[in-house]
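There are two complexes below, and they share chain A, which is joined by chain B in the first and by chain C in the second.
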Partner chain A sequence: MSGILILAEHRRGTLRDATLEAIGAAGTLKAALGGPVTVLVIAADPAPLVAAVSVGAVDEVITVARPDAATYEPHVYEAVLRAVIAQRSPSLVLMPHSVDSFSLAPAVAIGEGLGFATDVFGVAVEDGQVVATRAGYNEKVFVEIDFPGRSGVLLTLRGGAFAPETAAASPTVSALDAGAGAARSKHLDWRDPPASGGIDIPGSPFILSIGRGVGDEANVAQFLELAEGLGATLGCSRPIADNGWLPKARQVGQSGQLAAKCNLYIAMGISGSVQHQWGMKHVENIVAINKDPEASIFTIARYGIVGDMLEIAEELRKQKGIQ
Partner chain B sequence: MKILVPVKRVASLDDEFELNDDGRDVDPDFCEFDLNEFDEYALEAAVQIKEAAPEGSVEVVVLTIGPDDADDVLRKALAKGADRAIRVDDAGLEEADRVAIARVIAKVAENEEPGLVLCGAQSADQGNAQTGMSVAALLGWARTAVVSKLDFTPGAATAQVERELEGGLVERIEVETPAVLTIQLGINTPRYASLRSIKQANAKPIECLTPHDVGLADAEIGGAGALSRVRRVFVPERGRGEIIAGTPSQQVARLLEIISEVNG
Partner chain C sequence: MRAPANMAALTGALIARGDAYLALPAYGAEGAEWAQAALARLLLSNARLKLVFAALPFAPPAFLALLAGEDRPAILQRIVRNPATSGATLLRLARQMDDAETRKALAAHAHTPAVALIGLAMHADAAVRAALLRNAGTPAVALHALLDHADAAERAALARHPQADADLLRTLLAGGDAVVRAEAVAHPHCPLTQVADACVDADAAIRRRAASNPVLPPSLRQALMGDPDPAVRAEALRLHAEGQEPALTDDGDVRVRRAQARHVALPEDLAEALSRDGDVWVRVWLARNPALPAGLIQQLGGDAEARVRHAAGRNPACPADVLATLARDGDEWVRAAVACRPDLPVEALRALEQEDAVDVASAVARNPQARDAALRRLTRHGQADVRRAVALNPDAPATALRLLLDDPYPLNRAFAVRHPNLPVADAWGSADDDAPQVRFAVGKRAVTHAAAAGRAARRHLETFPQP
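On to the complex of A and B.
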């Protein structure tokens, strides 16, 4: 039982950044847990992805080429990953806490009898045993999890929690013919998110974002005017886009946009779910405006106003002379 | 055909809360409970399949695992269109993790033989995103996570679904049935319960079972069936930002100052 195995996540031919974060995490744990650090690439043609995962502490890349893995398919991936785990007995298996992993990680952990925790943002090794930290009760507490009696542990890692590794390395590369198993779902096609219509959340330095606190669709239009008057781009949280009150291109968060270039983010009536925070918690200047003083958005905000977003908006319009 | 919808009673914490004496969970006296929001969408998806099928051909069965009080979320589900409710009592499940809970659900599914199991994509309180897909693994059924569109005709060998990926990308796929699907927010608009349906729901029986009743062996129950253990819960020390006090007028004056400071 040794070593760290990382499953590479890729989509439409491109490695996902979260894999580099998992490699970064493995780099920090390698000394305590022991190597080697191995990355598994499952694809119809894995060769073009090998260079991208040959970074940091990676000692070895295993490629598995299968025609039924042209796109991610959970039952195929399960068969391959379980075969590799059974052969290598890694003490730690890492993958991103992603939509793909949701349908894969539980089957692998149950099938191989691995210790299992998800959405983990801290990993420690104590007396050779893995201890994972994640959040609970909507981020209000942290939870330490251990895995008594388990010689291997599978963790899915929260996006942005571990520094990505990008320094080039020269791992050995080997091809493996792994896993029986057959696909039980069939890819039909991709649908890209609707065109943004000129809305640029990723490129905007100043975002004013609204959430459930807006209350009613009739209140939404005034925030478009307010954002314009302040020189900000209007963003929103998921429920606002789900209701069709604002287009999806304005949604900040895991299933929407990353506020990549933002320097000032004003969150009005947004409680701050993990999924929303994924899109904005890195922003240097976050202002949270919320009625609930316990809303988790306040824990990441530089400035906070406990109050009614509609009242604050009215006052903003008044003081800025916005009609 | 039956559709099984396992639902969770999720907790939101009071402003002030305390931990249990062993420091491994929050004292439930400081929790308010409600039906998991994700599960409301899963239930609505099931009820819509039922309503599109010939009358009486589809039965929506809801299931929760918890103490007596958890009947509340089952009543809510019954009022929103579920036909039958089962509660497996959680006595003996204190050390259960999500996988151990999934073992209970999978046993109920084996007994009920539904054509589809629809779960919420995750819970609003703990967000593990493990339970539904663990049920699929234990049953050995086909599975898809984070479904944002579902087309299924009862009796068909496949379902056409869309799964929503990071960044709003959507993959359209066809998945074998019976299947376990986890349902994303926004897939539909969950209905409100009418006063009449709430009254009717309160009159319906709730089947109450134990983990042994559903057919679990001791080695699968609670901690014995778990893959993890909570060692400690703690309140993180977090820096809190500057809270801007005062009247709305004073607060906004300061906010405008901040905006011009930051934007230069």
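On to the complex of A and C.
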């Protein structure tokens, strides 16, 4: 058993960024684990996707062309992926933690006797063995998981947790005839998510987020202005969206958006409920600004300021010459 | 399920059910005194729940006082940090606990009595000093005690503390440090002669902070509006009091124009000029300005930028015909801006009631003029946020709120239970809900209702005494 196998995820002919993140993660593990990094592309016509996955540490791209894989179908994917795992015996299988993998990964792990962890945001190799990090108890603790007695491991990776790989590479490309398995579900229609008006919380690297501390709707505009001046995307906690002060597309948290690609999150006047933390706790640099020194947001912040968000925002505007 | 008719019956029912979350709101409630011992046994029966309740900011202060009799340090630490803990309980804990963490929490607590804060200031370590400086209730005498060994950062914190008096600020100003001076001259208790000196200081940062002093006399503020530094001019304008007509003129600096745009005493010709400003934020602030003439709001309601149209839609003075136009806007967030307004013309609201877009549907759900049928339909919307918005509508009918009691999202059920338009009997029907937050809301609703009924009955007896 050696090498890393990555299942490519795509929608409507476009590779999803999460696959490039999985390739990025594989690149950091390749030397320690040994063996090649292989990407498996299953599609009705996989050829147009080959160039997109030929990046970073990828040594080989395996394409499987099947008419019943024009859109994602879990039974077809399961059969093909299991066939490839049986043939190549990778020590690590990676796929994005997504609605696709929900319907596929557990069945593959059980079927092939692999160690299994979901929503992983850290992977290391210790003494030649994979150690995965994920959250437990509703994001309250981080858990390191090893897989004793398993020669192979399947992990689904949290979006935004690994740097995407984009540097072009020249892997070998091989077509595989994996005809096993039959579709048991039918794709009916695409439903687009609600329009976000150009607001991209999941894709933003810098989010300035406001909560109840803003106090009044009249104060919200100055934070939109401040966020624009700082080059940040303005986010908010649930009560702000509930009041209609900002659109739902800006809401961060369990019933809102995940700050998937954020590197810097400034939480102003946000107490930090568990539901809000769900959407941003993983961000590497969290700056918390709150009048209450006991606010739970401080327990996850790298930097904390106990103070009035309006005064601090005012000073930030002055310092940056915004107004 | 019928709700208990009075506090005695309710308290009995809560004890009989044996659910601590449901019973918690009754502890210390008016009319439930007779059952305190039984309630205490129920609420203190579970070691884990005692820890949970000790940190709950909505736990009744009387219950926190009871819990303070426990001897587990982890529980007591949580009570000291709980914002609902009363001053009397904090004083009691201050006498029995003397560890560093407790002193720090007491120094930071908004309810800690002044006498205790003064005592803490006398022998404070760095953490306690920082906590005292953050506590807006720390009295001036304690601040004077902290001054003796204050470092530069602490002197700046003293200078911006709301309880700092003129003597303390005078002493701090004499120290000469620029950061401390900047804080002191912005303080409303700063002696006016020193604020006047700051208005002509060579350092623009000092002049800007002086301009932000909320009690700056109008003559000094007017003088600062002619300052060569735009940040000083903008600051002077920002706090210019209503009723004091500032001499506003065209300004070349965008920061000043943004500040002008939100000023309520804006002359009409300047407002006219600002409405054509190239900076979108000038127009956004102007469009929100409630003192703007209807014609200009109408003009800004047709702005090319959706942000400006949204601001016009949120302006309380926006005329009805402009609201109706904005209700047909191509941008969803602009339509949402007017969809929650009770003054939106009825025909426009009826059209928006048919929309499914999340922000528009949420706004309609909060509109007190929305039809009952529309609200009932929105309680079945695919988005939990939209369904919850119905419970945020102050005029939501009981028929819609009842539907929310079966919502799959616990927060939505809790919001429905809290709504005053939902009959208490219906709320009581959720007493067995799976989610503790919903059961707590049911208990709170029932206790509030029974207490109000008890008060009304007593008033009736006082007005019409029995023979």
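Everything below uses one rule, namely that the second predicted complex is superposed on the first by the 192 of 323 C-alpha atoms of A that agree within 3 Å, B and C clash if a C-alpha of one lies under 4 Å from a C-alpha of the other, contacts with A are read in each partner's own complex, and residues count from 1 in each chain.
Assume contacts are C-beta pairs under 8 Å (C-beta built on N, C-alpha and C of every residue); 3 or more make two chains touch, one makes a residue touch a chain.
Not measured: the values here are computed from a predicted model.
Visitor: Just chain B (first), just chain C (second), both, or neither: which does A:321 touch?
Guide: Second partner only, chain C.
Visitor: Quick one: classify A:248 as touching chain B (first), chain C (second), both or neither.
Guide: Touch partners of A:248: chain B and chain C.
Visitor: Touch check for A:169: first (chain B), second (chain C), both, or neither?
Guide: After superposition on chain A, A:169 lies in contact with neither partner.
Visitor: Counting only touches as set out at the top, which of chain B and chain C does A:125 meet: first, second, both, neither?
Guide: The answer is neither, since A:125 touches no partner chain.
Visitor: What is the contact status of A:225 with respect to chain B (first) and chain C (second): first, second, both, or neither?
Guide: second
Visitor: Please indicate which partner A:98 is in contact with in the superposed arrangement: first for chain B, second for chain C, both, or neither.
Guide: After superposing on A, A:98 lies in contact with chain B but is clear of chain C.
Visitor: With the two complexes superposed on chain A, say which partner A:65 touches: chain B (first), chain C (second), both, or neither.
Guide: It touches nothing on chain B or chain C.
Visitor: With both complexes superposed on chain A, which partner does A:217 reach: first (chain B), second (chain C), both or neither?
Guide: A:217 sits against chain C, while chain B stays out of touch.
Visitor: Who does A:52 touch here: chain B (first), chain C (second), both, or neither?
Guide: neither
Visitor: Of chain B and chain C, which one touches more residues of chain A?
Guide: Partner touching more chain A residues in the overlay: B.
Visitor: Overlap of the chain B and chain C footprints on chain A, residue-wise?
Guide: Correct list for chain A: 238, 241-242, 248, 251, 255, 293-294, 306.
Visitor: Which stretch or stretches of chain A touch chain C in the complex?
Guide: Residues of chain A touching chain C: 194-195, 197, 217-218, 221, 224-225, 238, 241-244, 247-249, 251, 255, 292-294, 306, 318, 321-323.
Visitor: Considering the complex alone, what residue numbers of chain C touch chain A?
Guide: Counting only chain C, the residues touching chain A are 81, 83, 105, 108, 131, 134, 208, 231, 234-235, 254-255, 258-259, 281, 284-285, 288, 306-307, 311, 314, 331-333, 336, 340, 357-359, 362-363, 366, 383-385, 388-389, 392, 409.
Visitor: Can you list the residues on chain B that touch chain A in the complex?
Guide: Those in contact with chain A are residues 11-13, 15, 17, 26, 97, 99, 102, 121, 124-130, 133-134, 136-138, 142-146, 160, 162-176, 182, 184-186, 227-236, 238, 240-244, 248-249, 251-253, 255-256, 258-259, 262-263.
Visitor: Using the touch definition from the top, list the residues of chain A that touch chain B in their complex.
Guide: Residues of chain A touching chain B: 11, 16, 71, 74-75, 97-100, 102-103, 105-107, 109-111, 113-119, 131, 135-138, 140-148, 150, 184-193, 205-206, 230-231, 238-239, 241-242, 248, 251, 254-258, 263-264, 266, 274, 285-288, 293-294, 298-299, 301-307, 311-312, 315-316, 319-320.
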